[in-house]
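Chain lettering (A, B, C and D) follows the sequence in which the chains are written, and residue indices restart at 1 in each chain.
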């Protein structure tokens, strides 16, 4: 298991979907940052799935902070966040105990660990991401001080390209339609980070694009990532792909951003743009072919109960959080935010 | 700088394109592996660019091994590889000393480090990858003992889809055509790893897909990665996306491989499939807009000399090497290959 | 902050002495290990200070396990342990808010972090070690399966050499005598690890002796470490220092163990022996010279309340725990215990 | 193998004593540092053993720098240093091929790696440290810019306490006397670092004392370390052990330095003081008891040839280097030296 991410701003997560709680330990947040548990809870409430294409399950996000804060400000010690799990019923998973669900991690976890918690995905559940979102709230707060913000939007849903609110409505309708057929659907999310200084990223193996890529590809259900124009680059010519370098108001800038804010793995100062694709949630109501591991014989399974039918909106929140974690880490590694105490960060205000 | 990759099988690379040499230090290769310098040189000779779309420049890949081998076999100590650089002429870069080339890392490196070697890309040059290929040769040798092999093929070139040799011919012709116009072009490469055991990868932040993603996105010019069906998942339904689980000859297998060999970040035992896109090399002969950093004024540049016009074939070799490095590391981390000595690896032969 | 230790068996600790709770996250324990919360509580009860030379304060070690266990066995996911803090009164620390206590970390933490929790040592308190002991309980359990055990004994206390129980009684009497004068005292503890296989340790920077040294020197109050004969080596000749290599019952062994179980940073198979010294607890009742940081003027302080007057017995427990953590990590790194699942640990039973 | 040390200022070493060369790769040195190969060679020439108690062997320290420098200054890329080995005769080791030398790492390396280079210690040889000294020269240069200097002195040699030059003379005479009897001897070295800012070190597992301890205990032959008064603390009372906190010229300082410059694992601003003991070199001329591994039978060995009889002076140089590496790393980690470029280090000049 590798449940820690980051070099200077480090996050460790723990918890299973049907265990007593989920949690995160954030180590390396500088002292002196105003932080209240409400800010974390607010971010977690974004993680509640969209009611129309999600489960309607009420998440009880009663997050608590157990360490690292004194008199309303961080003190440089690890910030431990605990989020109790509600009383999820696990009995519906009982029939799946010996039968891995297609598209889920049931089989690979069983092979790797032998003894597993077979109830509802356990640590491979989407529920695991709540720890990431909680930690991400702290990263976002820190980035905000430095003028860096992280946002996202859905650019494709249930097979339909989404360009505006109207397009999103149509795509949601399509996702609901599929859900009513017992099917699930996927989508694509674009994450955009604004306000970054140029100079973040550590060639040749700690490039910003590589670490952001790992963070986003490490989210369950994410199957691809494009940086800037991404795959589109493959069909361009050099003169289409190269962003012209300009001077504007005495400052260097670029005429376009096909690079997506990264050149040579280092931030250019333009928006950092990454687009990920989300596979359909594997939980569908239709019968599927699998194997009973106790007998070694084929077995048809039907997954019952209510499930998210499209987790793209939820993944968007997680993707923003992961981007925030990676960038907070790099802002500290590159000296734009001081690792121990905010007061000592002279670079913070003068990029 | 972060020039080391891997946790148990660790590779550190060094060297600038116009310095005296390039090198790699491979730490964590178990003792007892037969290894000769010829095997490394053979792999390096694959890195010579395709003469028709490349530079025709003769690389002098006179690699030497300076440590870690005794009587023809590894001894568990770091293997230091040194590859002398030929006498590259750097004078042609003189006019670019103060003017960053569009699409290159010139500007971001200047911002980050202040004092840089401005000759021909320095460490952001494609030449840097020769160290990775040298280290990759050792990883491949190790993987071979465990029955794991890494291959690749070009699936798109110069804007044309490539399905077979004939398609490749046509695409190369197109790339040459563009080169004659002073332009460059890109492509896409599919890396396939066969023979992997199920169980590689460490959730939730050391997933095989995430670490492979970082390794491939960390190659200069790579702008996207798809795992298995990748972006295609976004438009699928759950029943299209889920690979059925079957029994075949008493062994569990899958009816398809849209997952690309990874579920929940852990290998399934099916082929690991990743497709990357390669942007056009930024070196083109056409005039381009940039800025003279010494004056802060706009400046039009024309890059002279002979350059690779399409580096897709070269990136394919590097991508294979990076995949091999990640997998050798995971084979050791997961106990399939022993980290200290080959003789002690009982799991090696019974997956 | 660096609150994570270990490479494959990794422990992250969190919590301040006067915050709501302390905790540890153990990542990298293989699946399939029988583990109950009682085993952790039992180990924590060893951490209660000796009543005669300690505080008599009742620690409420109501540890809980929040993740990583299912049906009584580990599942390979992070094991999160939470230990609530009792209602410690912090008002007695109020006068010290601006005045660093000599011998404590008050001043250095203030310099480093700026904003600190000034109540009772916060994360520099001995209370922090309870997280280490909780994690250590898991490491010991794992080591036990492989036949490795960790013990310790006090070899010096309050300035008196301790050779047996009678000597310990006399030394405790001396420590109490000093405590009655308002003074504190120190001691020395010898940690012995038995049952280790030869071959643990990773030259040249991950030697067993170096990592054990860091783990033990990282315990608050520890100011020296000797491996085997340690400092005594300085006055020996080579023939006194070299342990003869013998054959006994067809197995290689050593005629003595001045090396303390490590040669070249790798375990020899003999007992691993490390002796640490513990400085007197800095909390004494006598007036001491310090500085009021708010005025910059000298200030004499007298620390009131009840404190441990000799923490040597308590440090002994922590030292055993740290040794166990380091060794569990190395047993996994060296392949003697499998990192993911116990069933796959072929080396475990046949060293 | 773990041949990399440091988090931000990272050093990887490679090379065997009887291979073609030794080397180090220094990754994370900021750009803009004036550095010439002569500075490294000068430091290496300090590593030549004292002729009277050493071997008299001429080391050919023709170090070269192969990367990371352009126009006399660092560029932020890895600095690769190569030091060719002279033509050491290895035939004298032939009789020891199957017989581990007592006190050496021959046996443990054989157990761990199976296939080893049996010639003269290979990577467990003192020769390995030349890579550390080369890297240390760069760390010292960097520290010098920040006003930090590292020195050492021998405080015990061949069983005699050394207080001044006269004492050293007498001790050297004793060491020579022992050498003439075929024996070797040890000693103790005190390393002192001056000019450090307060605030270096990362509790709870990255304390300055712990990482310095690991670095020094990781030197071959070092068997103990004392921080400040070290073991002496065990017999002190609290009022003896606590250093009074004073104001001097408006600045906070301490009345004494029994702490050795570290409180709670963080530097106090006083001199950092660590004393290590060096065991007698295991190479002696007297007959010793060992085992022939090919037959499993006892075998008496006599090590022929000329060897260092006391390596204390040599270890002193290595210890300084290791201290410099740890401190350069911490100066960067704590933001006193910028990790990418010297120009951006505003904290550097105002501690």
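The working rule: a contact is a pair of C-beta atoms (placed from the backbone, for glycine too) under 8 Å apart; a residue touches a chain by one contact, two chains touch by 3 or more.
Remember, predicted model here, so these are calculated numbers, not experimental data.
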Fill in: Chain pair with more C-beta contacts, A-C versus A-D
A-C
Response to the item:
Top of the farthest list for subunit B, CA-centroid basis, is C
Discussion item. Suppose each chain is reduced to the average of its Cα coordinates; what separation in Å results between subunit C and subunit D?
Written reply: 26
Worksheet item: Just curious, how far off is subunit C from subunit A if you go by their C-alpha centres, in Å?
Response: 37
Discussion item. With centres defined as the mean C-alpha position, give me the subunit A-subunit D separation in Å.
Written reply: 44
Fill in: Residue numbers of subunit D (touch at least two other chains)
1-4, 13, 112, 123, 199, 334, 340, 344
Fill in: Residues on subunit B engaged by subunit A in the complex (per definition of touch)
1-5, 13, 100, 102-105, 107-109, 111-112, 123-124, 128, 156, 159, 178, 183-188, 198-199, 201-207, 209-211, 213-215, 217-218, 220, 223-247, 250, 252, 255, 259-260, 262-269, 277-284, 286, 288-291, 293, 296-298, 334
Response to the item:
Contacts from subunit D onto subunit B in the complex sit at residues 1-4, 10, 12-16, 19-23, 25, 27-28, 31-32, 66-68, 70-71, 73-80, 82, 112-117, 122-123, 340-344
Discussion item. Show me the residue ranges of subunit B that touch subunit C in the complex, using the header's touch definition.
Written reply: 7-8, 199, 333-335, 338-340, 344, 346-347
